[in-house]
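Here come two complexes built around subunit A, the first alongside subunit B, the second alongside subunit C.
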Partner chain A sequence: MSLKPKVVDFGQTWNILQETVKGVITLADVPRATWNDRFSDVYSLCVAYPEPLADRLYSETENFLDNHVTQLLDKVKLQGENGLLQAYHRAWTEYSQGINYLHQLYLYLNQQHIKKQKLTEAEIIYGTSSAASPEYQEQKEIGELGLYIWKNKMIESLKNSLVSLLLEGIHADRLGEAQRATTDVICGVIESFVRVEEYKTKGQLHLYQEIFESSFLKQSGEFYSREASELLQQSDVTRYMERVTWRLSQEELRGHKFLHITSVPKVRQCCEEKMVAAHVAWLHTEVDAMIENERRKDLSLIYPLLRPLPSGLVHLVQKFTQHITNEGLQAIGSLQGENVHTQFVESMLAVHSKYSELIKDLFKGDQAFIGALDKACSAVANHKSTPRQSARAPELLAKYCDSLLKKSAKLASESEIEEKLTRSITVFKYVDDKDIFQKFYARMLAKRLIHQQSQSMDAEEAMIDRLKQACGYEFTNKLHRMFTDMSVSSDLNTKFTASLREREGENHQFGIGFVVYVLQAGAWPLGLPPSPGPFHVPQQLEKSVQTFESFYHAQFSGRKLTWLHHLCQGELKLNYLKKPYLVTVQTYQMALLLLFEHCDSISCKEAAASLRLSYDQLVKHAISLVDCKILKKSSKGNLEEDSILTLNFDYYNKRTKFRITGALHRDAPHDTEATHRSVDDDRKLYLQAAIVRIMKSRKILRHNQLVQEVLGQSKVTFAPSIGMIKKCIENLIDKQYIERTSNSADEYSYVA
Partner chain B sequence: MGDIEQDNSERADGENNKADKLFTLKKWNAVAMWSWDVECDTCAICRVQVMDACLRCQAESKKDFYEKQDCVVVWGECNHSFHYCCMSLWVKQNNRCPLCQQEWSIQRMGK
Partner chain C sequence: DMPRHPTKRLRHTSSVRRHTKAEDGANGQIFSQKRCISWFREYTTADEPDMLGPEGMEKFCEDIGVEPENVVMLVLAYKMNARQMGFFTMTEWLKGLSDLQCDSIAKVQQKMDHLRNLLNDQHIFKGIYRYAYDFARQDKDQRSMDMETARVMLQLLLGKHWPLFSQFAKFLDQSKYKVINKDQWCNILEFSRTINDDLSNYDLDGAWPVMLDEFVEWLKVQQHGEGASQMDTRIS
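And then the complex of A and B:
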């Protein structure tokens, strides 16, 4: 066959072509050879000589399709109301497939003739002279033309009855009365609304949305309103929510089954609106009781229902916060006894883990609820029984850590302790007054280090690292320095012993085991000795002290050493009793005992003078020795200046090695108070520094802004009261770091 | 407490000469605090306690806090003392002691 343009008789060729077109559109059997011939007929018509006959072919085809669809419409209408859906569906299935084939048969026409005429995107947007005229009718590709005709003829005339039948069908499905067969039909019909527009570049869903979706949503809304009010009358909240949840999931499935994918969220929203949002007030009243009694099932039901609503969870979250706060306060409210700290931390952790578990299980770990938990926990941790008192959490938490890190009789496994310490950080994060915690922690750490009470140095260091992670370097700076001092001291002791050995040979020892910790002033939360006067070091120790001091000064220069005798401890062996005892005592007590080497009895006054201790101090230490019966006193009652002290030669103790707890070892209540006071002082300095820093960079700032910035800076370590900030500002005005500006009473400026 | 007997036998030799004493001193765990031997415990240049690192070092030491503090103290002939870091910056501007205006020369350094 030649591809050359030739003269073609349109009438004759069209007649033949038309037969095949009919066959194709009705899905009749068209042999391959015929198909090929007709395909070339289309080609020859399009390139016919002298005039191409493409336009004529197009209009004839259009007429043909028009007639065909009209006939189909009549046939479908004949089926009456009952069979309408099925008949339409059948006709559509056949036609849509047929038109597809036909589109391919007219491939040449589509590709060469019609595509060329099509407006480009740019022309559509900017308009061209030819397209501007309103009567201009664009030719469509054959497939599109077929669908267009279908839409105009078939759908336009049947749409009302079709849609109402569809809605009935879906309603039946909701009631569970639909049959399998109708499902496919409904699905197919709805799909036809979308498919019929598939050639459009945009607004493909217009027809679907206009004729079907809107009425569908309306009908669904009505259905669910009814359903909701019926349910409300006959069931309690649990049943109601179960039902709604079920309905929602069913509707989701149904949506995927019948509808275009874009409608699924719309239906869901419509459903939620009618069944949840409309009754949200009632649900909220039910929430209170659910949370109060922690009805897990109900809570897990209500969460997905309320979540999609705008601010639907707010009430739930609020109630939840309140509930946890109450539970938490109750848990820590009635703590008593020796180990309040353990009870406190562990009950806080119990509350925390209980509710984070609950949030994970019931609320899918929703951030809003985690936030609620955090808020509640920090409210509990920072709860003050009276507004004037500070919260106890920092102290208790520090004690808790202390009890874990200390050597103790209870042999918990190392991993267990590690885990508990890690968990204690959870509580720590909720504590506002982290600086108070730090003070307590530092004091307890100091005690553990100096008295060698630490269970393990690794555990100590790990804990400091955890704190650093939570609060930053500055927070743990001093703790780290304390730690370093310990290792520096141990090096120093090794060197010291080595130097002694060098100088004096093997026989170097002063007859005692001498270990010294040299601590850096400023890093340790330690006071100076109570009477920093020239305490008379027992002669047995003098040599050690002197040798070490000269050793130290040779090692370092420009340093001075202060002996903290109240922290020193010695081990004395008592030789004068039936069996030897080893007693661990403070230096002061040791000095007092050693006086008896030279005399059998001594008065308090004399003892104080010879030790160069203040009288009060002496009495304190003497009493502790008298109380444990190592010393005897002459008079009953209190020790007076002239009370005579003697050694008790009948002393007996079951244990041969023991420690005498000095007065200073007990944590007196005024200790706690002092800690709080020193924290207060630190805070004032911190705040003043922060204010100066801020003012230096801002130059001029209003009062409220300044307060806000200060709060922002200090929140890592503590939450200052506004009153305190105000006082600090006034302080700084007095010190002329800042001044009030002349134009406004509540504005400050930085004084350079 | 059974280890005491053993402890005794170990040290028996050292005790012979002291057997007549009432007490034997076995061990002494001492605690001492060191500080710079200065007259004024704040550095007049940075206003930080000389026992703490100077302001600059505090800001920088965030990186290597495990290092021992090496922000030492320096004494001039006039006996005034400052952070070494602070003073070495100061003398670049003005080679006089900020407190007494004497010519600055280092008497000794802390170590």
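And then the complex of A and C:
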């Protein structure tokens, strides 16, 4: 066969071609050879000489298809209402396949003739001169042409009947009355609405949406509304939510079965709107009781129902926050007894973990609920029983850590303690007044370190690291320095002993052991010794104190050493009793006992004078020694100035090594108060510094902005009251760091 | 410095300078610095000729017929820019009285209405009010003013025009404040000018000094308390 253009008789060729076209479109048997010949005929017509006959071929084919579809339409119509869907479906199945084949038969026409004259996308967008005239009818590829004709002839005239039959069919499916055969037909028919426009570059789903989807959604919506109101009359909220959940999943399955994929979310939304959103007010009233009684099943049902609604969870989250807050406050409200701190932290953790679990189980770990939990926990942790008081959490939490880190008789495994400390960070993060916590923690750490009461230095360090992670280097700076001081001091003591040995040989001994901690005043929260000083150091200690001072000053000139005797302790060996005892006592107690080296009794007044202690202090320490029966007192009642203290030669104790608890170890209530006061002072300094920093960089700032910025900067360690910030601002105005601007009353400017 | 509604008599005196010497008559002559200074010396002692002290002040007030605690004396001091209450230095005297063109008792007396009228000008009043803080402070080394002085000065300046003044004074009496700083002082005037008597436009989150926040809180409790007690009496 030659590909050369030649003269072709159109009528003759078309007549032959038309026969085959009819065969192809009706899926009749077309032999391979015939197919090939007709394929060539299409080619010949398109390249015919002298004039290509492509346009004529196109219009004849169009006429043919037109007639064919008209005939099919008549046939389908003949089937009447009952068989309409099936007949249409049958015709469509045949036609859609046939047109596909025909498209291939006309391959040359499609490829060479039609595609070339098709407008490019750019031309569609920007317009061309040819497209400008409205009468311009673009030629379509044969496959498209076939579908186009089907749409205009077949669907246009049958659409109303078809759609109402489809809706009936789907409704029957909902009621469980559909048959398998109809299901396929329904799917096929709906699919045809999509398929006939698939070739389009845009608005592919237009027909489907217009003639079918909108009616379907309307009908479905009515169904859902009806079902919802029936359910409301018959069932309680649990049953209702179960049914709605079931309905949603059913409709989703049904959507996937029958509809175009894009309709599935629309159906879901429609169903949610009619069955959930329409009754959301009622659901909200039910939510209160569900949360109140923690009805887990109901909550797990209602969460997925409310979540898709715009701000649907707000009410639930709010109630949930309130509920946790109430539960939390109740848990920590009635704490009493010695170990309030343990009860407090553990109750908070119990509440926290209970609701974390619940959120994970019922609300899929939804962030909104985690936020609610955080909000509630922080409200509980920072709860103040009266607005004047500060929250108890910082102190209790520090005490809790102290109780874990301190040596104690209770045998808890190291890993258990580690775990508890790790968990305590959860509570720590909720505490607003982290600076107060830090103050308490530092005090307790100081006590542990100085009195060697730490369970393990590793545990101490690990805890400081945890705090650093949660709050930053700045926060734990002082704690770290305290820690370092301890190890530096131990080196220093080694050096000191070595220097003594060097200078005085082996018999350098003062007759006593002697260990000194040198602690930086800035890092340690230690009070100065009670006045009036200076306390008269017992003669036995004098030499060691002096030697150490000169050793230290030789090492670091310019540093000032202050002896904090009230924090020191010593070990005394009592040799005057039936058996020797080794007693650990506080330095003042030791000094008092050492007075008895040369006498067996002494009056309080004398003792106070020779130790240079105030009378009150002497009494405090003497009482502790009287209480433990090492000393006896002459008078029955309180110790008076002229009361005589006598050494008890009948002293007996089962243990030969023990410690006498001094007044020091009991936490005086004014300690707590002093801590709060010093925190307050620190805060004022911090806030003033922050205000000056901000104003220095901003020069002019409105009141509210300034307050916001200050709040932002301070929130890492504490939450200052607005009043406190205002007072600091006024203070700075008074000190002329900033001033009110003349143009506005609530604007400040920096005074350089 | 023209008063807004000068009386005929005032208009007459204020245009004194345009009159010829002959026309001046008994009413006075053109302002003379020399006469002004010698008048000043009538109130000072030989020990301190350039400082008019409390005794001289008393006599001066008597001469011009004004009580020392009259607000117009504050305006006069403001005109002189006197540094310390109860005292005029010669420089201050000369500056203030030259501005007013006064060198005799009669001339000062004629200026009295003018001086009083200055208080009605919002802007000048603010100047006088702020001046009063530094003027009345006993100890110039301290930045704040003791509460007793503050009470007296506020009474003098705001007592008549600020309906909430008596409440504010009560508030100060029961408060822990011992002194008032300049910022608080200035803001009390702003408060009296801008805040409604029912406090409806007061913003607790605003930039007002804490003292005024506390006053508002206190006043609300007072008013609420009064309401409650009225309720009680009605029930009983």
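Following the convention adopted for this analysis, the second predicted complex is superposed on the first by the 744 of 752 C-alpha atoms of A that agree within 3 Å, B and C clash if a C-alpha of one lies under 4 Å from a C-alpha of the other, contacts with A are read in each partner's own complex, and residues count from 1 in each chain.
Note that contacts are C-beta pairs under 8 Å (C-beta built on N, C-alpha and C of every residue); 3 or more make two chains touch, one makes a residue touch a chain.
Keep in mind that what you see is a predicted model, and the values were worked out from it rather than measured.
S.K.: After lining both complexes up on subunit A, report clash or fit for subunit B versus subunit C.
M.R.: Here the two partners, once superposed via subunit A, fit next to each other without clashing.
S.K.: Contact-wise, after the overlay, does A:248 reach subunit B, subunit C, both or neither (first, second, both, neither)?
M.R.: Neither partner.
S.K.: For A:488, using the defined touch cut-off, is the partner it touches subunit B, subunit C, both, or neither? Pick first, second, both or neither.
M.R.: Only subunit B is touched by A:488; subunit C is not.
S.K.: Determine, under the contact definition given at the top, whether A:569 touches first (subunit B), second (subunit C), both, or neither.
M.R.: first
S.K.: Decide which partner touches more residues of subunit A, taking subunit B and subunit C as the two options.
M.R.: Counting contacted residues of subunit A, the larger count belongs to B.
S.K.: Per the contact definition in the header, classify A:477: touching subunit B only (first), subunit C only (second), both, or neither.
M.R.: Touch partner of A:477: subunit B, not subunit C.
S.K.: Could you say whether A:723 touches subunit B, subunit C, both of them, or neither, answering first, second, both or neither?
M.R.: Second partner only, subunit C.
S.K.: Considering only the touch criterion stated at the top, classify A:541 as touching first (subunit B), second (subunit C), both, or neither.
M.R.: The answer is first: A:541 touches subunit B but not subunit C.
S.K.: Give one of first, second, both or neither to describe whether A:277 is in contact with subunit B, with subunit C, with both, or with none.
M.R.: Neither partner.
S.K.: Looking at the overlay, what does A:607 touch: subunit B (first), subunit C (second), both, or neither?
M.R.: After superposing on A, A:607 lies clear of both subunit B and subunit C.
S.K.: Between subunit B and subunit C, what is the shortest CA distance in the superposition, whole Å?
M.R.: When the complexes share the chain A frame, the smallest subunit B-subunit C C-alpha distance is 22 Å.
S.K.: Which bits of subunit B are touching subunit A when the two form their complex?
M.R.: Against subunit A, subunit B makes touches at 1, 4, 7-8, 14, 18-19, 21-37, 49, 51-52, 62, 65-66, 68-69, 72-73, 75, 108-111.
S.K.: Show me the residue ranges of subunit A that touch subunit C in the complex, using the header's touch definition.
M.R.: 703-704, 707, 722-723, 726-727, 729-730, 733-734, 740, 745-748
S.K.: Quick check: in the complex, which residue numbers of subunit A touch subunit B?
M.R.: 450, 452, 473, 477, 480-481, 484, 488, 511-524, 526, 528, 538, 540-541, 544-545, 548, 552, 555-564, 567-576, 580, 582, 587, 590, 593-594, 596-597, 647, 655-657
S.K.: Quick check on the complex: what are the subunit C residues that touch subunit A?
M.R.: Subunit C reaches subunit A through residues 143-144, 181-184, 186-187, 190, 194, 205-207, 209-210, 213.
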